[in-house]
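Can you read through this structure? Questions will come right after.
Naming follows writing order (A, B, C and D), and every chain is counted from residue 1.
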Amino acid sequence: MTTLLDALTASDGVEILDLSRPMVLGMPQSPNHPQYRLTMPRRHGDALRADGGSAANDMLTTGTHVGTHIDALGHVSHCGDLYGGVSAEDTQRGGRLKTHGVEEIPPMVCRGVLLDVPTALGRPVGLDGGDEITPDDLEATVAFQRSELRPGDAILVRSGWGRLWDAGSAFIGAESGVPGVGEAGAQWLADHQPIAVGADTIAFECLKPGAGHALLPAHRVLLVERGVFVIETLNLEVLAQRWIHEFLFVLSPLHLVGATGSPVRPLAVIS
Amino acid sequence: MTTLLDALTASDGVEILDLSRPMVLGMPQSPNHPQYRLTMPRRHGDALRADGGSAANDMLTTGTHVGTHIDALGHVSHCGDLYGGVSAEDTQRGGRLKTHGVEEIPPMVCRGVLLDVPTALGRPVGLDGGDEITPDDLEATVAFQRSELRPGDAILVRSGWGRLWDAGSAFIGAESGVPGVGEAGAQWLADHQPIAVGADTIAFECLKPGAGHALLPAHRVLLVERGVFVIETLNLEVLAQRWIHEFLFVLSPLHLVGATGSPVRPLAVIS
Amino acid sequence: MTTLLDALTASDGVEILDLSRPMVLGMPQSPNHPQYRLTMPRRHGDALRADGGSAANDMLTTGTHVGTHIDALGHVSHCGDLYGGVSAEDTQRGGRLKTHGVEEIPPMVCRGVLLDVPTALGRPVGLDGGDEITPDDLEATVAFQRSELRPGDAILVRSGWGRLWDAGSAFIGAESGVPGVGEAGAQWLADHQPIAVGADTIAFECLKPGAGHALLPAHRVLLVERGVFVIETLNLEVLAQRWIHEFLFVLSPLHLVGATGSPVRPLAVIS
Amino acid sequence: MTTLLDALTASDGVEILDLSRPMVLGMPQSPNHPQYRLTMPRRHGDALRADGGSAANDMLTTGTHVGTHIDALGHVSHCGDLYGGVSAEDTQRGGRLKTHGVEEIPPMVCRGVLLDVPTALGRPVGLDGGDEITPDDLEATVAFQRSELRPGDAILVRSGWGRLWDAGSAFIGAESGVPGVGEAGAQWLADHQPIAVGADTIAFECLKPGAGHALLPAHRVLLVERGVFVIETLNLEVLAQRWIHEFLFVLSPLHLVGATGSPVRPLAVIS
């Protein structure tokens, strides 16, 4: 059998595509989550070692659902229950999740599939705010791409909204809404038994103009009912531009015990 | 050519070993860096959506050289210079690194090699505080393991100090010192042109009893002189216990623009 | 001699007016400063003592120039110098101010004077964005109120902009500008030798529409040239509504060693 | 009637004693609360205005029960109830206190009394870890000092433990215990109807050697049963050294909406 290391060794090296967004003060982020802030408590020259050495360091303050990130199952509850009927109240007592925290997300080295919906639907600019990605859209995309979905895949659903990443609050889409998978699409995806699904928007949801986060049915379906992890704020443009629909997907959440989510830097390995 | 995805697909799935330490309040960390703290600004039940949905989230506050982490080249300077003769003063102006920040570390999907020094040296308990891992020790380990080092590898050097992870301040080793690679060993490693080197201690250094961080020659050699990234606080016991010396190494730092380091969750893929 | 305590004892008690704004997530704050965030790491019931006792606590994360706050002299430099010709570069090495930090601001129990400019100028709604409060305006206000300014006073200059505190970003005034004392007015105030001056705006400055914080001449005059502390984001409506122009002023900055500013809760004692 | 301002004006100015401890990284603090950390996101020279102006600012991260601080009534519950039978569960829902938060503590300009217990008891070095200050001790101190306690006073109880402030973890007293008022003394104090009580230790309690914070009966009596605010980590040495037992006490908590406590800088005005 050829191991991944064998394959790596036999090749000239691999090409790695970065599916994350750079984290920087001022990037679009939901006001529901603590602001990303990186400061330097110590700079070079603040203290000098006897040999002329010096070091700088950082303090990171951020929500865990900020930038490209993954949701743990314990992020969302429905009528008091987490996935598997676990009591949210009991689980969170003590100030961090005793079950369904980020440390229970298995680090992923698995098959990844991009579903490039706007390309399949003939909408090269990308979907508009409020557009719902339906099961039919997902079926059409699979057919258009001639992709196959297999259990255990990470399925990344492109809406094209990533074009607004650099447009500040437009990416949040408070007024315009945001395109995305709705309840039915979430069920369709879950039926394919992925380990995780991902989106190029801040929330893996279809948000209607002005509706905000009043209801998050896709989160309920995926995290609470079906146990599928959710990845958000992905950069999927790098895959779409190169027409790459299938790849080795790598995602390793921080080992934050009891957290509801983690910033991540997912990768597509394409050779 | 067999791609990594081909290899993955052909296999029954891969086994992944987690080389990180769990991040939790109270874990050993250097007092030089901001304390790790995860809090929940919002808990389940704080707000209920009309359909019974609710969400919990986190606020993460931490140094970036806390838990298992990687040092960017800009973390350390010598006589005012960073790697390549870049001025530390200019680079840090503005409050984050303009060059040699974490975002310049290439995400790694590469060959990884464990150098299990205490096993090779016949010291099954592990090295003691202050023990220096010399070029001879490294040579002996390579020979004992019959390993091969290749340019671009991630070389992870086990001292056995990881046995003290659960022992609190003993892991810091303020009084005992900490075993590790010294200046000569760092040169030896750099001569093998790794992309990165790693250790199972908080600092990739040999720290003499009571000496603290007065001098950090291995950091100077690796980060300032040779441009080799440094990974610290690794869990290497999981590799040593299974006698695994060669593996597919995966490390994807957070996309923290301008940071001097990043917490990470490195993986060894072993099939 | 009657001490303050004697006066207090002889009275029925004092009336205290709170000159601060409530600190809460979402209040207007300058994007130049870290976001105010209060979270509860521990809530009641997270841990129970044997006798049924439990405790909740907080984590506070904030800039120090957020909400009602005072600027230390070291907050602003001009051409590299702080007040008294102290080198900014030397003073800040190490990551906090070695001189001119908040701990050098004497806690204040002193005479306070409100200069209610819009009332004196016959503009009951308050000044508009961009309106500069000139020396003539200040003279006219002193005359109108029949107030006397004495060395050592805290002089609080009302513009009426506090009416927008609850209007969110309008209080910041990025587009509208913000009314305030300009360079000439700052000189006029400093000539009266106050211990501190204050404003009901985020910055003690006249900001022209769209100009933002491009230039801050009043800060230069007060903090760098004249050594006068600056208090910002005061609630002066409570004084103006009751036509109170003279009072015992109390301000006690947090004892933050080396900080450039501190959130404060200043008081006017009016009997 | 002579107002406080009249008294101030008639005097040559007032003398103010600072009853706070300086806040600095490394000061003694309880591990139950987030670490105090002040960093400078922006330093002088990071950005220059056109006229040569520049500014530095801070990011403050801290627990609210760190350094000299005051406890809001909502800090402690007993069997699920806060002061007045308010439900802790309901009050804290949403992530901050809806009642009994810091914003409900009235800023204090009132009579303050120091009860210098060790001096009265003939123990000039100060009490030892674990020593309980009993009602008899308090009575003896009042008699020795010829002090009078009046409703509405702030009563500050000196144990002499402040001598260890600079001794690091000894001030915490994990092994030695800490001297302080026990349950009976708390009842005695509350019977005198103070607005607040204070101590020169981290917790207003008698902590037996090795017992830690297992039980906090004085907190229960004061905060839950009697509605008396609690001030901790005061510097009372400055009063004791000058044999000052009565003074104008000033304390103005930060206006932190919904917080369980606030760092403060209390003052004694002594002329």
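The working rule: a residue touches a chain if its C-beta (ideal position, glycine included) is under 8 Å from a C-beta of that chain, and two chains touch if they have at least 3 such contacts.
What you see is a predicted model; the values in this text were computed from it and never measured.
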Between chain A and chain C, the fewest steps along chains that touch one another: 1
Same-residue or different-residue interface between chain B and chain C, half as cut-off: same
Inter-centroid spacing, chain C versus chain B (mean Cα positions, whole Å): 46
Whole-Å gap separating chain C and chain D, where each centre is the average of the chain's CA atoms: 25
Per-residue overlap in chain D, given as positions that touch at least 2 other chains: 34, 37, 39-43, 45, 59, 61, 95
Overall pattern in which the protein chains touch one another (line/ring/star/complete/other): complete
Chain B-facing residues of chain A, complex: 1-11, 13-14, 16, 18, 20-24, 32-34, 38-45, 49-65, 67-68, 74-80, 82, 88-89, 92, 95-97, 103, 106-107, 109-111, 152, 214-217, 219-220, 246-248, 250-261, 263-267, 269-271
For the chain D and chain A complex, residues of the former touching the latter: 37, 39-41, 43, 59, 61
Interface residues, chain A side, partner chain C - complex: 26, 31, 34-35, 37, 39-43, 45-47, 61, 93-95
